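In the two complexes below, chain A is the common chain; its partner is chain B in one and chain C in the other.
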Partner chain A sequence: MVILEVKNVSYGYSHGTPFEIAALRDVSFSVEKGELVGIIGHTGSGKSTLIKMLNSLLKPESGQVLLNGKDINTDKASIKEARSKVGLCFQYPEYQLFEETCAKDIAFGPKNMGLSEDEVRQRVLRAAEFVGFNKELLNRSPFDLSGGQKRRCAIAGVMAMFPEILVLDEPVAGLDPAGRRELMSMIENYRKATGATVMIVSHSMDDIARIADRILVMNKGSLAESGTVKEIFSKTDKLIEMGLSVPAATSLINKLRLKLPELDADVYTTEDAARILAAFYKRRKEQ
Partner chain B sequence: MIFMEDKHLLMFDNVSYAYDEENADELAVRDVSFTVDRGEFVVILGHNGSGKSTVAKLSNSIFLPSSGKVFVDGMDTADEKSEFRIRERVGVVFQNPDNQIVASIVEEDVAFGPENLGIEPKEIRKRVDNALKAVGMYDYRLHETHRLSGGQKQRVAIAGMIAMQPECIVFDEPTAMLDPQGRREVMNTARELNKNNNMAIVFITHFMEEAVMADKVIVIDNGRLLACGTPEEIFSQKEMLVSCGLDVPDMVKLANELRENGVPLRKGILCEDELVKEYLSILNS
Partner chain C sequence: MIKDITIGQFFPGDSYIHKLDPRAKIIITFVFIVALFLCKNYFSLGLLFFISIAAIVVSKISLRVILKGLKMIVVLVVFTGVLQILYNDEGTVLWKPFQQLDFAVTSGGIISSVFIIIRIVSLILFSSLLTYTTSPTMLTDAIERLLSPLKLFKINVSSLAMMMTIALRFIPTLIEEIDIIMSAQKARGADLETGTLVQRAKALVPVFIPLIVNSFRRAYELAFAMECRCYTGDNKRTRMKEMKLALRDYLAFAFVAVTVAAVIATGFFDISSFFIFERVI
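Let's look at the complex of A and B:
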C-alpha cells in the first residue's frame, strides 16, 4: 500500500535574484507502508529540501505531496495531520534539546499533539525504551549526557509522536562506530515494533546498503535513480560521477572482478564479501 | 646538542586537563604523552567524548594544560610570550566548516590569517594563490564563501591555514559533516600537504579508514592514551578498539573473517589494494 506519494514536486530558493537555485526539479516517487527508504546524494543535492516537503515545512511551488492519498497542503487541518504523522528528525538534532530533563524533552512532541498526560507519559516510556534509556537517564538533564546519548534523546522525542513515517536526516553523522551501530539498530527496533515507514538520509553508503529496502539518489535537485540496493550500487561509475561512492565491500569486489570476472558482483556488505571470497577460494583450491 | 628533542615539533608531556578547575577529578585529558615529528602523519582515534578534541585545543595553546606541559618547537604553550609564534607553527582546522569562514569572498578568507601575521601584501597575494592551488580551490578564489559545498568550505578553511605556513596542521574531525566526495577531497589534501610540503599532520577522526595511511596511530579513551603504534600494530588489536567504542577498518574486518574461514591471507592487510593483491596472489599460488 502506498503511504506517501511525491508528485512532480519542484522548489527553488532566491527567486528573482541572480542566485536563483532550483533545489528540487520535478521530483516524483512513492513510498510503500513499512518500507525503509534510504536517500543518498551529494551536499546540496536537494535531500534536505526534499524531506522538509514531506510534512509541509516547505510547500512545493508546483506538484503535490500526498499522504495516504490526500494532499497534505490542502488546508490547515491537513498540514496539522501531516506534522503528526510524518516525524522529521534533522541533522544534529541534539542542538534542539532544551528541556530540564530528558523525560520532559521527549514529552514535548506528544504534548503538543494534545494527548492526555497519561498517554504522554506512556509514550515517553515507550520511546525511551526504543533508544535504550532507563529511568535514571530520563530524569537527568539532556545537557549532562554524552554526544551519543543526546542524539538518542532527541530522536526519542520524534519517536514519541509515533509518526507513521519517521524521517531522519543523517542520524549517525559525527558518531563513533559503536554509537553508529547502536543507533542504527535502535531505528530498526522502532520500525519492527511499530511497523512504521522509515526514511533515512545518509552519506554512509555502507549503512544504507545494510538496511534499505529501496534507495533514492538525488543529484542536483533531481531524482537521478530509484531502486533496490542491488540496482543502485551496481552503477559504481555513475555514483562516483555524482560525488557518491559504493559500499567498501562492493568497491573491493569490483576491483577483484577485473581479474576474476566470474566472481559474484552482487555484494554490498563485508559479511557477504567474506562469505563469497572464502567460498570462491575453496572452490579454486579443490579444482 | 639537544638534537633528539629538537626533532619533536609537538610534544605532550604528561598532560592533564580539567574543564572544571573546581572539580579536578573529572579530567577530560589524563596524563597524556606523545610526540609529533616534522613531516609525520599522526592519526588520533577515540570515541565521542574521549578527549580527542581537547587534545586538539591543547596543541596550540587554545587550552593550557591543568598539569603537565605541551611544547611546540621547544616552546612551552603556557608561556604567554610564545603564544603568537606557537600559533604560527601549529594551526587547527575544526569539524564544522561554517564556523571557520570569516570573509564573504574565498581569497579574502584565505588572506585573513597572513594579514593578521603582519605579512606584506605582495607576499600575502603569493601565499593565498599557492594555498588555494594546494587545495584545488584556485578557480573559486573570487567566489562567495557561503555558496560553496561543505567539502569546498573545508578546503578553503585548510587553505587559510596553509597560507600561514605552519609546520603542523591539526585536523579535528574535518570530514564528519561531509559527503563521500568531500571526504575524499579533504583526505587527499591532508595527504598531499604531508607528502609534498613535508607538513606534519595530526588528524583526529572516528573513521577508521582514514587512519590506515598514517605513520602513527594514537588511541584515546576516557582522556587516557590507550595505545600508540603503526596502523598495523593498532588494527591488529580488534578487541581493544571495540572495547573503547571503535572498530577496525572494513578491509581489516574482511581480511580477519577470510582468515577465520580458511583463506591464508598474510597478516597486516589494511586497505583495499593490499587485500586485492594478496587475495589474487594466494589464489594463484
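Let's look at the complex of A and C:
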C-alpha cells in the first residue's frame, strides 16, 4: 500500500537575488507502507529540501505531496496531521534540545499532539526504551549528556510521536563506529516494533546498502535514480559521476573481479563479501 | 521567510559605488543622513531623495532587492505618516470625519506626513545602499580606521573592530540556525505562528534556549580557533590590503559637499515650498 506520494514537486531558494538556486526539479516517487527507503546524494543535491517537503515545513512551488492519498498542504488541519504522522529528525538533532530533563524534552512532541498526560508519559517511556535510556538518564539535563546520548535523546523525541513515517537526516553523522552501529540497530528495532515506514538520508553507502529496501538517488535537485540496493549499486560509474560511491564491499569485489571474473558480482555488504570470499577460498582449496 | 531579510546584506558588484573607498562611503552616508535632517523644504529633500535613487541606479542593485528592504519598514512608515496627519492641524481643513471630536485632516498634516515619509525612505535607502555595496569585512576595516583616533584614549580599537566583524559575520549563521531550530521544533508539532502574544512568546522558548546554548558553544570554538592562529588582540597587526583614497573618492566628496551646501542654502533662503504645494492641493 502506498503511504506517501511525491508528485512533480519543484522548489527554489532566494528568488530575485544573485544567489538563486533551484533546489528541487520535478521530483516524483512513492513510498510503500513499512518500507525502509535510503536517500543518497551529493551535498547540495536537494535531499534536505526534499525531506522538509514531506511534513509541509516547506511547501512545494508546484506539485503535490500526498500522505495516505490526501494532499498535506490543503489546510491547517492537514498540515498539523502531516506534522504528527511524518516525524522529521534533522541533522545534528542534539542542538535542538532545550528542556530541563530528557524526559520533558522527549515529551515535547507528544504534548504538542494534544495527548493526555498519561499517554504522553507512556510514550516517553517507550521511546526511551528504544534508544536505551533508563530512568536515571531520563531525569538528567540533556545538556549534561555525552554527544551520543544527546543524539539518542533527540531522536527519541521524534520517535515518541510514533509517526507513521520516520524521516532521519544523517542520523549517525559524527558518531564513533560503536555509536553508529548502536543507533542504526535502535532505528531497526523501532521499525520492527512499530511497523513504521522509515526514510534515512545518509552519506554512508555501507549503512544504506545494509538496511535499505529501496534507494532514491538525488542529483542537482532531481531524482536521478530509484531502485533496489542491487539496481542502484550495480551502476558504479554513474554513482561516481554524481560524486557518490558504492559500498566498500562492492568496491573491493569489483576490483577483485578484474583478476577473478568468476566471483559473484552482487555484493553490497561486508557480510556478503566475507561469505563469497570464504566460499571462493574453499572452492580453490578443493581443486 | 526569515531568510528574506535583505537589510544589511551584501550584494557583490563592480559599480562606481562598489568601488568607492569604504571609509569614504561611511562618511558620505553619514553626511547625507545628517543632511536629510537639515532639510527644511521639499526642494532640498527632493534633491536628496533624487540622489539616493540615482545612487541606487548607479550601484546596479536590482529594484526588487531595494523594494524588499523597504517592505520591512512599511509599518513604521505608515505609522509615522498617520501620526503626522493626526497631530498636525496647520493649513486648511480638508476633511473632518467626526464633528464632535477635535480632529481633522488638514493640508499641513498631509504635507508634513509626505515630507516625513520621504525622509524615512531616503534614510533607509542611503543606509542600506552602504551595506548592499560594502562587504562586512571592508565595513569593519573602515570603521576601525575611522575610529583609530580613539587609540589616544587607550581604547583598543582593533579588538572593537574584531568584535564587530565577528558579530556581523555571525548574523547570517544565526539566522540560518534559527531557521533550522524552528523547523525542528515545528516538526515536533510546535505551533509558533498562532495564539495570543503570551502564548507565542512562550512558544519561542524551545527556539531560543538551543540558540543561546549553541552560541556559547560557537563562541568557545571560535576563541580556540583564533588562539590557534596566534590572535592576541593587540594593535600591532598590519593589513594585507591597505586602503587608499583614489580620485573617485575625492570626486564623490566634492559632489557631497556641493549637495550639502545646496541643502543648507535653500534652508536659509526659506523658499517656502510648503505654500506652493498647498496651492496644488
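Throughout what follows, the second predicted complex is superposed on the first by the 286 of 287 C-alpha atoms of A that agree within 3 Å, B and C clash if a C-alpha of one lies under 4 Å from a C-alpha of the other, contacts with A are read in each partner's own complex, and residues count from 1 in each chain.
Throughout what follows, contacts are C-beta pairs under 8 Å (C-beta built on N, C-alpha and C of every residue); 3 or more make two chains touch, one makes a residue touch a chain.
Just so we're clear, the structure is a prediction, and the values are computed from it rather than from any experiment.
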* Quick one: classify A:Arg283 as touching chain B (first), chain C (second), both or neither. => neither
* What is the contact status of A:Lys59 with respect to chain B (first) and chain C (second): first, second, both, or neither? -> neither
* To do: Considering only the touch criterion stated at the top, classify A:Lys192 as touching first (chain B), second (chain C), both, or neither.
  => neither
* More chain A residues in contact [chain B versus chain C] -> B
* **Contacts on chain A seen with chain B and repeated with chain C across the two complexes** => none
* **chain A to chain C touching residues, read off their complex** => 13-14, 16-18, 52, 55, 57, 80, 83-84, 87-90, 93, 95-98, 108-109, 112-113, 143, 157-158, 161
* What does chain C use to touch chain A in their complex? -> 3, 6, 11-12, 62, 64-65, 68, 180-181, 183-191, 205-206, 209-210, 213-214
* Provide the residue numbers of chain B that touch chain A in the complex, in ascending order. => 46-49, 95, 147, 149-151, 173, 176-183, 206, 208-209, 242, 245-247, 250-251, 253-254, 257-258, 261-263, 272-273, 275-276, 279-280, 282-283
* To do: Would you mind writing out the residues of chain A in touch with chain B in their complex?
  => 19, 41-44, 146-148, 173-179, 203, 205-206, 243-245, 248-249, 251-252, 255-256, 259-260, 270-271, 273-275, 277-278, 281-282, 284
